[in-house]
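Below, subunit A partners subunit B and then partners subunit C, in two separate complexes.
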Partner chain A sequence: MLIQLLTNKYPGMRLWLSQRLSAIVMAIYIVLVVMLLIIFRPANFNAWHALMSPIWFRLVTFVFFVSLFIHAWLGVKDVFEDYIFNLKLRAYLQIIVDVLLVVYLIWSSFILWNI
Partner chain B sequence: MQKNSQKNKNRPKNLNLFTIRLPINALVSILHRASGMALFAMLPLILLAFQYSARSQQSYTKLVALFDTWFIKLMLVGLAWAFSHHFFAGLRHLLQDSHWMASLQKTRLSSRVVLWLVGISVAIFSFVVW
Partner chain C sequence: MVNQIKFSIYRYNPDTDKKPYMQDYAISLRDEDHMLLDALIRIKEHDETLSMRKSCREGVCGSDAMNINGKNGLACITKLSDLEQPIVLRPMPGLPVIRDLVVDMTQFFENYNSVKPYLINNDPPPETERLQSPADRAKLDGLYECILCGACTTACPSFWWHPDKFVGPAGLLQANRFIMDSRDQATEERLENLEDPYRLYRCHNIMNCVEVCPKKLNPNAAIANIKDVKIARARETKIAKKSIPIKSL
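Then we have the complex of A and B:
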């Protein structure tokens, strides 16, 4: 059933599911980070740095960023489709957003790599 | 399509937003959208702040000093509002996707719960920041 829905016959279904799955990934990550902040209460640079430097935390944060940018891409696309009726303008704006999100992905990988 | 819209030009219209009372579900829904766009617009600043906090002792100290100004604190509270609204309203949408609390009465209740949770989170955040 699910496999059938995700085949090429229903491309919208894949977008719909990606939006939900990325939302769930982000929600779990946010709860994790809020709990870490409440437990460890990092009050200076060293504590903050120590909290973020383990490789597992950086990997999980990377997964969060990827989900965030997928989610943002889908959300902004939906908003453009609803409110911008000039197709040319919409396409140009969408390209700007796409480029921005790719830049953000590279930038956030760079930040995480350098912690 | 063209013909239809021509024919229906004389239909009465009311686009005066001040005379339309938004139902609570519509309010939570449109704010979910607005907060999502706000979060997207703020992404570069969020990433920049994250970079400054993680790079070095010096950049961290700079960021902390910047966060100590009331204007930036106000912006942070705004960001906290956008985030918590998007978070709680989004969870509500996920629950509705799985048909949980889907009747009209119940969605009104869950909308009220979302607005309360957002208010409480923003209050706690503001208290911690100040």
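Then we have the complex of A and C:
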């Protein structure tokens, strides 16, 4: 179904759809977290720790971070393509952003699995 | 009754001017002058060096599109009474200026031509005409009325940044007009033609095109529809693929 639109055959649709799908994942996660906070009302470190510790919650949070970084990568890429006309400068800036996002992903995974 | 109106108009003659400048005018109108184009014609009576395009003077030909107080529009259907003074007139942004308010629309029409804005149907032509049901014909409403004035495309920042890559709202409206046409047989090719990351997907939905269209059309909705059609066809393909073995049984 939608999966084939995320392949090389659809280079434009792939980027556009990835941005929308990652936005949907983030929106669902935010609703989920707000609901959990309303239900459990964690007021101290132990309560927060208990909330964040289950494996399923860590996995879901990890999926959220992956979506966030995909979304950010696509958004920044669009901005660079629109406003940075020097191709060398654009490539360097994109590499910086790519490296930063990978570091953020590793960092967030590290935090998640050390709770 | 004499009514005087102030203007500030972009002037540029590449043969004599090193760079563009704004020229002020104060012009007396006659009772029958209601539209911006009427006032421009009065100005031309005093200063015939001012260049602009005009033809039908009733919002049909799209010749006199220009930037009016910062917003693209047609001079012939813009009421003088709706405009703040001094009325600032500039050529449409994003296209090379030939002279004064006249822009070179070559890129605009190249983009328009790139979507093959004509019916593609390989069946032998019938004796009279290719018929459509009223429901199919209704799908073209809001798409076929475009007069190609260029107001939408030249108001679009994505076109300013990528004029040779992004088709622009006017071209995409026409692409959708033929994608939606029940008589057209080239839907797949048309969708493929818009598949690279720039031609269609550079639209960031800021809707300048919708705001400025003098015919009150909605290119943004047309662009969204093309994406919807693409997704719907991908789903159909999947269903068709699934159904093949069942049929072969």
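Going forward, the second predicted complex is superposed on the first by the 107 of 115 C-alpha atoms of A that agree within 3 Å, B and C clash if a C-alpha of one lies under 4 Å from a C-alpha of the other, contacts with A are read in each partner's own complex, and residues count from 1 in each chain.
Methods note: a residue touches a chain if its C-beta (ideal position, glycine included) is under 8 Å from a C-beta of that chain, and two chains touch if they have at least 3 such contacts.
From a predicted model like this one, the values you see are computed outputs, not experimental measurements.
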{"item": "Partner chain(s) touched by A:G75 [first = subunit B, second = subunit C, both, neither]", "value": "first"}
{"item": "First, second, both or neither for A:L93, with subunit B first and subunit C second", "value": "neither"}
{"item": "Partner chain in contact with A:G12 - subunit B first, subunit C second, else both or neither", "value": "second"}
{"item": "Subunit A: partner with more touched residues, subunit B or subunit C", "value": "B"}
{"item": "Which of subunit B and subunit C A:W48 touches, first, second, both or neither", "value": "first"}
{"item": "Touching partner for A:V66 - first (subunit B), second (subunit C), both, neither", "value": "neither"}
{"item": "Intersection of subunit A interface sets (partners subunit B, subunit C)", "value": "none"}
{"item": "Interface residues, subunit B side, partner subunit A - complex", "value": "33, 36-37, 39-40, 43-44, 47, 50-51, 53-57, 60-61, 87, 90-91, 94, 97"}
{"item": "Touch list for subunit A against partner subunit B, complex", "value": "20, 23-24, 27, 30, 45, 48-49, 52, 72, 75-76, 79, 100, 104, 107-108, 111, 114-115"}
{"item": "Of all residues in subunit C, those that touch subunit A in their complex", "value": "157-158, 161-162, 194-201, 204, 227, 230-231, 234-235, 237-238"}
{"item": "In the complex with subunit C, residue positions of subunit A that touch it", "value": "1-2, 4-5, 10-13, 15-17, 78, 82-83"}
